[in-house]
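Below you'll find the structure, written out as structure tokens, and then a few comments.
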Amino acid sequence: MGLEAAFTDEPAFVPYLAAGDPNYEDSLAYVEALAEGGADAIELGLPFSEPIAEGTTIQNAIVRALESGMTVERYFDFVSELDVNVPLVCMTYYNLIYQYGSSEGPRDFVARSAEVGIDGFVVPDLPAEEAGPLREACDEFGLDLVFIVAPTTTPERLERMREHVSGYVYVQARLGVTGARDDVDDATEESLTRIADWDVPKAVGFGIKTGEHAERIVSAGADGVIVGSALVDIVAEGYEDGDPTDEIAARLEALARELKQGALRGAQERPQPERT
Amino acid sequence: MGLEAAFTDEPAFVPYLAAGDPNYEDSLAYVEALAEGGADAIELGLPFSEPIAEGTTIQNAIVRALESGMTVERYFDFVSELDVNVPLVCMTYYNLIYQYGSSEGPRDFVARSAEVGIDGFVVPDLPAEEAGPLREACDEFGLDLVFIVAPTTTPERLERMREHVSGYVYVQARLGVTGARDDVDDATEESLTRIADWDVPKAVGFGIKTGEHAERIVSAGADGVIVGSALVDIVAEGYEDGDPTDEIAARLEALARELKQGALRGAQERPQPERT
Amino acid sequence: MSTDDAHDPKFGEYGGQYVPEALMPAIEELADAYERYVLHNEDGFMDEFRSRLADFGGRPTPLQYADQLSERYDTDIYLKREDLLHGGAHKLNNALGQVLLAKYMGKERIIAETGAGQHGTATAMAAAHLDMPCEIYMGETDIARQRPNVFRMKINGSEVVPVTVGRGTLKEAISETMREWATTVENTHYVIGSVVGPHPFPKMVRDFHAVISEEAREQILEQTGELPSDVVACAGGGSNTMGAFAEFIADADVALHAVEAGGSALTVDEEEGVAPNSATLSTGDEGVLHGARTKLLQDSDGQIMESHSVSAGLDYAGVGPELAHLVDEGRVTPVNVDDDLALEAFHRLSQDEGIIPALETAHAFGYVEKYHDDLGDSVVVNVSGRGDKDLETVIEETTKRDLDIAPDMSILQQMGGSGL
Amino acid sequence: MSTDDAHDPKFGEYGGQYVPEALMPAIEELADAYERYVLHNEDGFMDEFRSRLADFGGRPTPLQYADQLSERYDTDIYLKREDLLHGGAHKLNNALGQVLLAKYMGKERIIAETGAGQHGTATAMAAAHLDMPCEIYMGETDIARQRPNVFRMKINGSEVVPVTVGRGTLKEAISETMREWATTVENTHYVIGSVVGPHPFPKMVRDFHAVISEEAREQILEQTGELPSDVVACAGGGSNTMGAFAEFIADADVALHAVEAGGSALTVDEEEGVAPNSATLSTGDEGVLHGARTKLLQDSDGQIMESHSVSAGLDYAGVGPELAHLVDEGRVTPVNVDDDLALEAFHRLSQDEGIIPALETAHAFGYVEKYHDDLGDSVVVNVSGRGDKDLETVIEETTKRDLDIAPDMSILQQMGGSGL
């Protein structure tokens, strides 16, 4: 359905979970709970054995998912089986995309993704320079390719990314994983300013944990917020404490709701709304 | 009384024990038992902490003696207390001789030795080249200085030794510690031939264990036999088995008797007796 | 030093820069520094590097004619003695180069990953020597089984940071270090331990190690007047390998053999995601790992396999992209030697030449033993490191196997215990 | 090489040949071989020796300017890097020289004694390299506590013969080796491990190690244009010491400092026959031990004391006779450094310079730390060996002491156990 659509009308809340964490069945319930809680799109992690771009929280989620038997084929099954009504973004590492299928390159993976209803990709270890073949396959099948803009990204690299990006741009709020709030806001504002004239929605992620926090990010000009670790934490804690699946799902839904509400509040506080 | 006297008339049996092995009192009894058994002179070891020239058997005897408290002063006491009627040879290493007393050099040690009734010295780590000061002191106090001739001793060194030697010459039967009998006899005969014209008695030692063995050595031309390890073995075994002192003493006396008898038999078998 | 392709992040289709966006600026900054300092000797960087390698590291290392092996194989065997480098392996060439480069770049802090601890100890030494704060990331499982190396890093003043995620081994340590780097790029340099990772690491690490072949080439010409027929080096990530090959690549008649760890078997267990070897060049296929496209041990999904070898330093599921390329081009021959043969070669070199090699290095000699008939008349073998670090493993693995060539170790058992 | 006094078995009143008669011919034969091969380079012996020292051993070793220490002490500190020699210590210079000499003499077998195992491992390496059967005599107590070195000797193909008499330590091993030599002199050479024993050993071992000062003298002249103000070396038997001093002895302005192990105290326990140090030059007096007249730790009877030091390689009750003589003459200054100061220096060199020294070597640096105000403006310190062998001892001794400078080792405890 096109990722950009998720950002129309109101600021988007985009949660992340690793598919299959801590197991296939529970994970289905958790992802559905996020949709229930108001997700406008979902980043669904396909676990890779060497997740070099993840923090400890998500690394551990990936370990749990792999240990419970998640594979690429089961991931596609998982997506097919998911009962949600929002666009899905496959977040994974390039090697899984590259290896899939009988022919070399990313085309087979994209084709199969399109088949099961995936709308786009975030590939943290695939910079714009190496993204040519995946971009082509995405174009062929009408899928989006999201890129991540970091606070350290140079102007030259911004230009390169702009050429390839579609769906939305993932604005990495800061380098550190946690930290003082004001920092985040400053870095975020600066990043948003740098790409203000791009014609894709700007979603900010990295370290967002509360509704209040989402509110500030959106009020600073973001078109959406991406939240991963805070949600994965709920799964991890519930799993460790042996809590019932429905309770954990309820907690996820509640946090989702809070985050979405925060984003909505943020939109109302914006000095001059850029989009309507 | 002069060591040479021990070799007059008949072949001499010269046993060795470490003074103080396994303790002062027992050791007195053992040495006296040897005299009882027919010793013509006794080599009495003064234990040194680094006995580089000894086989394992005697090394262990020295360790026992040191551990039971033997010191240089106690050694002199030991000699004074000994109730034997044969010449005594102090066998030790040069450092103990050198360190003794208040003035530098061997003189104090020799003086004190003379006082307690020692008749001469064997110092295995003191070659003729280094023996000047000790030779002088011995001359001053009328004591003998025995040297060891090895199968490997060169003719030049024999000459040097001949100048310094007195009392008797200690002929080392062979390099190895144990071995086939015929070897010993050959090496011994050759050594004896090399020093045949020396005017001191020739005593052969190194590996002699039985009366029969003593017999052959003497029949090969030796003026006496020196026996150490075989006797020390009796002390060691008795000590380990916890046998009573008098039993061990009796065994020593018996072996001494056997060795002396062997030596006497050997003298009768000599082709042409050199001394009468 | 070959500068022709310095700006190209690729080796044919291999290489590249598959890293999180947050790291791209650091990598571009590094590529720039590589060009200026390493390739163009700006501010005399290379002069200082070479001079410290000499005085602190002990270069040049000898190229030694091996009397006994040459006789055994009836061919001239020359040993390039990287085991004599400070720290006991070739690793210092790279560690010293990168820490010094970090200094020239104005970085204030060093981080590095380590598995068995060889690269970590080399980096800790270099950091102490150059007075740079240093943190080494190491999986907690590795910390427990590589205690002496942990201790060496700590006494050199480095922090050792335990990585507790997953299995707590090298893979996790690399991810953790990359993440740590991504959050501190501005003041921190990440010293990667082999010719792997994103551009410019594979080229830069190769150039720091190229001194091995630069010396060896000169030395053999001086000693024999001719180039060698063969150069043999073990290959884990491939840093000693590329170092030993680099200056011979243009000499088309010199055969280059990269010896990988054949482990216990060349087959894999897809189910468990485990390869009982790390013969990446011989059995792996193309993929993307740790920032570069290269040959990998992976399952059909593309998940990275656990590799295995008796030698911890060869135990890596990837390999340097340049080596992968040189193998595809036919310039380098990939071969492999299994655990048994490597252990045997370990004992042979120790007994015949009086050199106790690292188990990694022993693989190179295992290859020479088995295939000496295929080698030419003058063979340079890179002795990448010494084996002191491997004594415990060797006792254990030798005892398991009952090798004919192994010395009788009963004296140690008699004296109590069986370990070291 | 100073040949002036080659025929004189004495250094002043020290030295000589206090050995059993059975050994005298061997020693005379050796003195003859020393003169012919070593002093007169007969059959090109010295050429072959020097060439093998280079190719197999890794000579020359660097003379490294120590950045951090020089700054710390505000004087120029130069490190003579014998730790980079094959095997990790200066010991190989002598072991290789003697084993090669044995070959030239037509001997068929090598024996040697070892205490901590450093000389044993060097001899085993040299014997393997030169294809000579080799037996190393080692006390059973030492075997039990020096397992890695026992293993290294065995993997180099040497036999390790346990000496069970007495306490089973170095003293007993020396006696056993001397006795074994006395029974096999005809085909066997005894490789003594330091500048001790009867003539010609002290001179010969010195000459084999003199390459240290030969190189260092040349290197410092090249680097600074001047001779150093001071040379500092640790002294156990004194082989690295004499090696580091030899070529500077004629340079009257160069101060020579021999640093002994002060242990835990300089006092002695006459009752127990124990000196809690091995400061022979500083506190010992004249006597005869192991074939030579020299300075000794002995009780008033002349019984040799047990010496003690945190560093096994300095733990010897005697010292080379030439050093004793040079001290009496005032040419060499004997000093000592206690266990605490040595441990501190161990950590300092590791952290500041990235060099983990042997505990023996650490004594030399302890001296520089404490007395740097008394030293001149250009100090050569002999880094006699590396500290890999000492890790376990250092952990133990450091933990006991709670030294400020020591790194926090709690990471190792957390990961289970406290040893290596």
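A, B, C and D label the chains in the order they appear, each numbered from 1.
Throughout what follows, contacts are C-beta pairs under 8 Å (C-beta built on N, C-alpha and C of every residue); 3 or more make two chains touch, one makes a residue touch a chain.
Because the structure is predicted, anything quoted here is derived from the model rather than measured.
Enquirer: Which chain maximises the distance between its CA centroid and that of chain D?
Expert: It is A whose centre lies farthest from that of chain D.
Enquirer: Whole-Å distance, chain A centre to chain C centre, using C-alpha means?
Expert: Averaging C-alpha atoms per chain gives centres 37 Å apart.
Enquirer: Let me have the rounded angstrom distance from the C-alpha centre of chain A over to the C-alpha centre of chain B, please.
Expert: It comes to 96 Å between the two C-alpha centres.
Enquirer: For chain A and chain D, what's the span in angstrom between their mean Cα positions?
Expert: 65
Enquirer: If you connect every pair of chains that touch, what shape comes out? Choose line, ring, star, complete or other.
Expert: line
Enquirer: Any two chains that touch count here, so list every such pair.
Expert: Between chains, contact exists in these pairs: A-C, B-D, C-D.
Enquirer: In the complex of these two chains, what residues of chain B are touching chain D?
Expert: Within the complex, chain B touches chain D at residues 48-56, 59-60, 63, 66, 71-73, 93-100, 124-127, 129-130, 147-154, 157, 172, 175-177.
Enquirer: Using the touch definition up top, name the residues of chain D that touch chain B in the complex.
Expert: Touching chain B: residues 9, 16-22, 24-26, 28, 165-166, 171-172, 174-176, 178-179, 182-186, 273, 287-291, 296, 298, 300-304 of chain D.
Enquirer: What part of chain C is in contact with chain D in the complex they form?
Expert: 54-56, 58, 61-65, 67-68, 81, 83-86, 88, 124-131, 140, 143-144, 147-148, 150-152, 154-157, 160, 162, 346-347, 350-356, 388, 391, 394-395, 407-409, 411-412, 414-417, 419-420
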